[in-house]
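Letters A, B, C and D mark the chains as written, and numbering starts fresh at 1 in each.
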Amino acid sequence: MSEKFDAIVVGAGPSGNTAAYTLAKSGLNVLQLERGETPGTKNVQGAILYSDALERIIPDFRDDAPLERHLIEQRMWVLDDESFVGSHYRSEGFNQPPYNRYTIIRAAFDKWFSEKVRQAGALVICETTVTDLLRDDKNRVVGVQVDREGGSIYADVVILADGVNSLLAKKAGFHAELDPTHVGLAVKEMHFLPEETIEQRFNVGEDEGVVIELFGKVTQGMMGTGFLYTNKESLSIGVGCMLSDFKTQKISPYALLENMKNHPSIKPLLADGEMKEYTAHLIPEGGYKAIPRIAGDGWMIVGDAGMFVNAVHREGSNLAMTTGRLAAETVVALMQESKPMTEANLAAYRNRLDDSFVMKDLKKYKEMPEIFHRNNQFFTTYPELINRSAHTMLKVDGVDKKTKEREIFSSFTHKRSLFGLMGDAYKLWRAFR
Amino acid sequence: MNVKVEEKLFQNRYRVDTDHPHVNIRNPDVCEYECKTQQCTVCCPAGCYTREGSGKVVLIADGCLECGTCRIICTDYRNVDWEYPRGGYGILFKFG
Amino acid sequence: MSETAPARKGKRKFELDPRLAGYKGVWVFIEHERGRVHPVSWELLGEGRKLADMLGVALSGVVLGEPGATTRNFCEEAFYHGADRCYLIEDDILKDYRNEPFTKGMTDLVNAHQPEILLLGATTQGRDLAGSVATTLQTGLTADCTGLTIDPDNRSLAATRPTFGGSLLCTIVTLNYRPQMATVRPRVMAMPARDESRRGAIVEHPLNMVEANIITKVLEYIPDAMQDKPQLPFADIIVSGGRGMKKPENFQLIWDLAQVLGAEVGASRPVVQAGWADLERQVGQSGKTVRPKLYIAAGISGAIQHRVGMEASDCIVAINNDPNAPIFDFATFGIVGNAMHILPALTETFRQQLATTKIAS
Amino acid sequence: MHIVVCIKQVPDSAQIRVHPVTNTIMRQGVPAIINPYDLFALEEALRLKDKFGGTITVITMGPPQAEAALRKALSFGADDAILVTDRAFAGADTLATSCALASVIRQIQNNMPVDMVFTGKQTIDGDTAQVGPGVAKRLGLQLLSYVSRIAAVDVEQREIVVQRRAEGGVQVLKTALPCLVTMLEGTNEMRFATMPNMFRAARHPLKVWDKDAAGIEDMTKIGLKGSPTVVSKVFAPTPKSARAEIIAVESGEPKDMAVTLLAKMFTRFPQIEKQLTQQA
């Protein structure tokens, strides 16, 4: 009576979809289980899509994927309470197809992606929460238990793409509860505006988009960033900070977002918009050192569940897709050689990951999270100093520039010793190296 | 600033599983008498946890965004039982 | 669009099929249950009067019921409320409302006397009947209307109704079909003044049915008062309590006010969760959706879960000691204060008020 | 017993918002769901099937995307599903819709007699409550609308007893099969689908019928052509006044607040005073 598949993929986000797609394309009998009403209804992202990872499995995705705007301009703003110092990078190079980065709306995008998974031949079943993993007498994972009557389903391998909370792996004892220093909490709102208004306000043409990364006082001293992305007819605005910081603060996440929205430099961008959704989501930002065990007898972990996020570059979905693909390719290779899905055989997944940009990038920034954790001046003192410097420099008030420079220098050293400044610079250089 | 999270949640779509709350406080006494910070009442992005005058923490998870914050920040007492809602229930993001 | 705005260009000039020109007059179905006419019927006579006057035609009531003084009295009352005429079918078969005989009676009357407009209440009875009658007559029916008027260009009935759960309104016309039928939501149209000096003509008609041929039988009628289950979705007045009532004992204050008002008692989710009130009484997202004339919310903050279940109420009175409570953002009237003090005062004031009106009437 | 359940895929109207400033309708991100009232009908039909056995055929008329609604109905336990989809049906009002649905049910009946037709009391997008009565009339079925409870079914005698919501109470009605039932809300709770049914629903080959398969002969009776009513205007309602009028009195006495409230309330809402007087 019980159903048996070659592989079960738990979750229909970018990692799960890529895994299920890759497996099904290779002719495997795949079941994908998703707890949302439709794929996407439980998923939250900023959201920016990096073409490369998707292109590798669906080269012509641009033909029908619901893409919002391709990004031609990146702004970085460092804010204090009433001003910001910013850099803008805009290039016609980004405006030549095939485009490299797009804003997307996940509910629509995930639904599209899932349709591709179905077309590839996987059986996709939604509204079904996997509550546990099934084990055999040797403690190998042999399937999943879902929250429905008659819900024991078997498979040679189970790919856990169940997101940042990674409840299944935790329940199975594969890894421990997340540490608040390893996760960020982001809250986001969707503000709808007419297309033309967005294009005028952000100085872009049809289908062209802008990303604004926000640093400084918007996080009120916590380690984190804000963001504002342009979609076709909406803006995604959000702010995220480390949970460990939230844990010691007396400001609620929604108040933080509300404050940010009311910053004099941001408010006009949102004016007259219609807020249509408020979301919250955790981001696994523990980096390389926090990556748990990612494969064992009959199971593998992909995407957010495995901490595969590059917090420094705010990349996640591309890592998710890549891990999903590499996990699936590992399974396909083993199946072709009729090898069992043992821990030893599935270790090939880790090797593939190590050879990919995923692990290389994460390794490069492995010190980053800790540096920021131990040095909150990056989020408090510096933004204020930078803004004050700009103000001093730009204000025309009869004071000569040399004196101004001296004032700026002394305000830096006053707030933070010369040693401190040099140390910070060194730490950042080390981490980025 | 007086921010009303209700106004924000009003925009969202939910299918509440009335008889099956997916988040529960394990032992309410721990929240009331032992936990000094009651940080869940601050950090929950949906304001699901409220502190009553008496010091009791009341949880109504209908507006839950299923982020997991409350569970993870409860490091001292591990007093939150947290599961995903039954299939199809809970928050249903329109945009995500 | 302002009323003086010129007619839109290209608006099709509508010519009524000459075969339908014989349809004249405005009819209102006089709905009754257990010897009592549903107030919506009088409201419709008030509205029908305006339409009939605009068209320069007669306004008629349609009464179907068992033979006797009660049924005849409905016709008299219809005249008092504005009807010029009443079409009457008296038959024992029509003692209780049933779809089959009422549909036959109504369609026979329409075919015999050809009204141009037929209005019914958007009640369970009116909608049951209207759907069957319109299908039998193969004519257009606009359901659950909140506004009626006559298009001066072509004498047709323009019926406005909410759609998509009330977030939109649309105006609907019935073109080359007669009669133009509409069911109208109760409590939307004004109640006309009752004028006992008004008289009218009764036009009688036979039903021509035998009970043996009617398949559906009414075994029993159970009045709501006989049922122990609260009937929140159908209540006209609801008094609800929330967590701000502090203690389960204080919830008695809610019951006291409800008793004076003849109201149902509602509750917010936390209160039900705490066991102060039955799940049956929970208003909101995971409870009941209500739409009373008056909703009194005491100690309820107005969280979204509650709001979605009651915001369609005609009048919302909120009592809360937190002036920033979200409920004040959408309530009609607000009292900032301690519910434990305000509720007894309200109960007493209502009691006095009602005692006075009782003496006066 | 063969029960046909008519369902409709509708936009989740609870998600449609009117912009508070511009007073325009915000349509973005409004999902399509099974009309909630139809779920009560489906569940009631499933309960009859649990009790007496038989077959449940779910039908829906709509665009190809309505497939999702049918698959969901299959997952709850329906046996078969028919998607009636054809451009010719577009723009139908209640009269034309009931014509098309009645024709579909006649076609189903040709293969297997239908004992009962179930549907919700109304849809949340149209809110008319008229398609059910219309279909019953066309098929000559006994109409049981606004049913709050199925009290008894006698399969041998082909009789059914139901409670029907009436003004101020419920009617207990007894009638003979075949009949058409429109279900009231809150009468039951949709079951949680079993995993085998989820699998079956995902794999079930759907029947897709166009107007010919649906047995439509007279094209003037369906779609826009067959609709006597025409929408002449769609507009947004004037928004409710934003904030509550706060009742404040100089004395600050609850008693005075109550008196002020009553006076203001009865002025603005004479119907409330009337309601109270009527009750008294």
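Everything that follows uses one rule, which is that contacts are C-beta pairs under 8 Å (C-beta built on N, C-alpha and C of every residue); 3 or more make two chains touch, one makes a residue touch a chain.
Keep in mind that what you see is a predicted model, and the values were worked out from it rather than measured.
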- Note on the structure: One chain pair leads in contact pairs, namely C-D
- Message: So, comparing each chain's Cα centre against the centre of all protein Cα atoms, which one is closest?
- Response: D
- Message: Counting only Cα atoms for the centres, state how far chain A is from chain C in Å.
- Response: 53
- Item | Euclidean distance of C-alpha centroids - chain B vs chain C, Å | 40
- Message: Roughly how far is chain A from chain B, centre to centre by C-alpha average, rounded to an integer in Å?
- Response: 23
- Task: Provide the list of chain B residues touching at least two other chains, using ranges where the numbers run on.
- Result: 9, 11, 86, 92, 94-95
- Note on the structure: Check: chain D positions touching at least 2 other chains come out as 14, 17, 28-29, 31, 192
- Task: Provide the list of chain A residues touching at least two other chains, using ranges where the numbers run on.
- Result: 37, 107, 127-128, 146, 148, 190, 234, 276-277
- Residues of chain A touching chain B in their complex? 35-37, 40-45, 47, 105-108, 110, 126-129, 131, 146-148, 164-165, 167, 177-180, 183, 185, 187, 189-190, 234, 243, 246-247, 249-255, 258-259, 262, 275-282
- Item | chain B residues touching chain D - in the complex, by the definition given at the top | 11, 13, 86, 92, 94-95
- Would you pull the chain D residues touching chain C in the complex into a rising list? 11, 13-14, 16-18, 25, 93-95, 98, 124-134, 136-138, 142-146, 161, 163-176, 185-186, 227-237, 240-248, 253-255, 257-259, 261-262, 264-265, 268-269, 271-272, 274-277, 279-280
- Residue numbers on chain C that touch chain D, as the complex places them: 31, 33-34, 36, 38, 96-100, 103, 123-125, 127-128, 130-132, 134-136, 138-144, 158, 161-177, 187, 191, 215-224, 226-227, 233, 236-237, 261-262, 288, 293-294, 308, 314-318, 323, 327-337, 341-342, 344-346, 348-350, 353-354, 357-358, 361
- Note on the structure: chain A residues touching chain D in their complex are 1, 3, 37-38, 107, 123-125, 127-128, 146, 148-151, 153, 190, 192, 233-234, 272, 274, 276-277
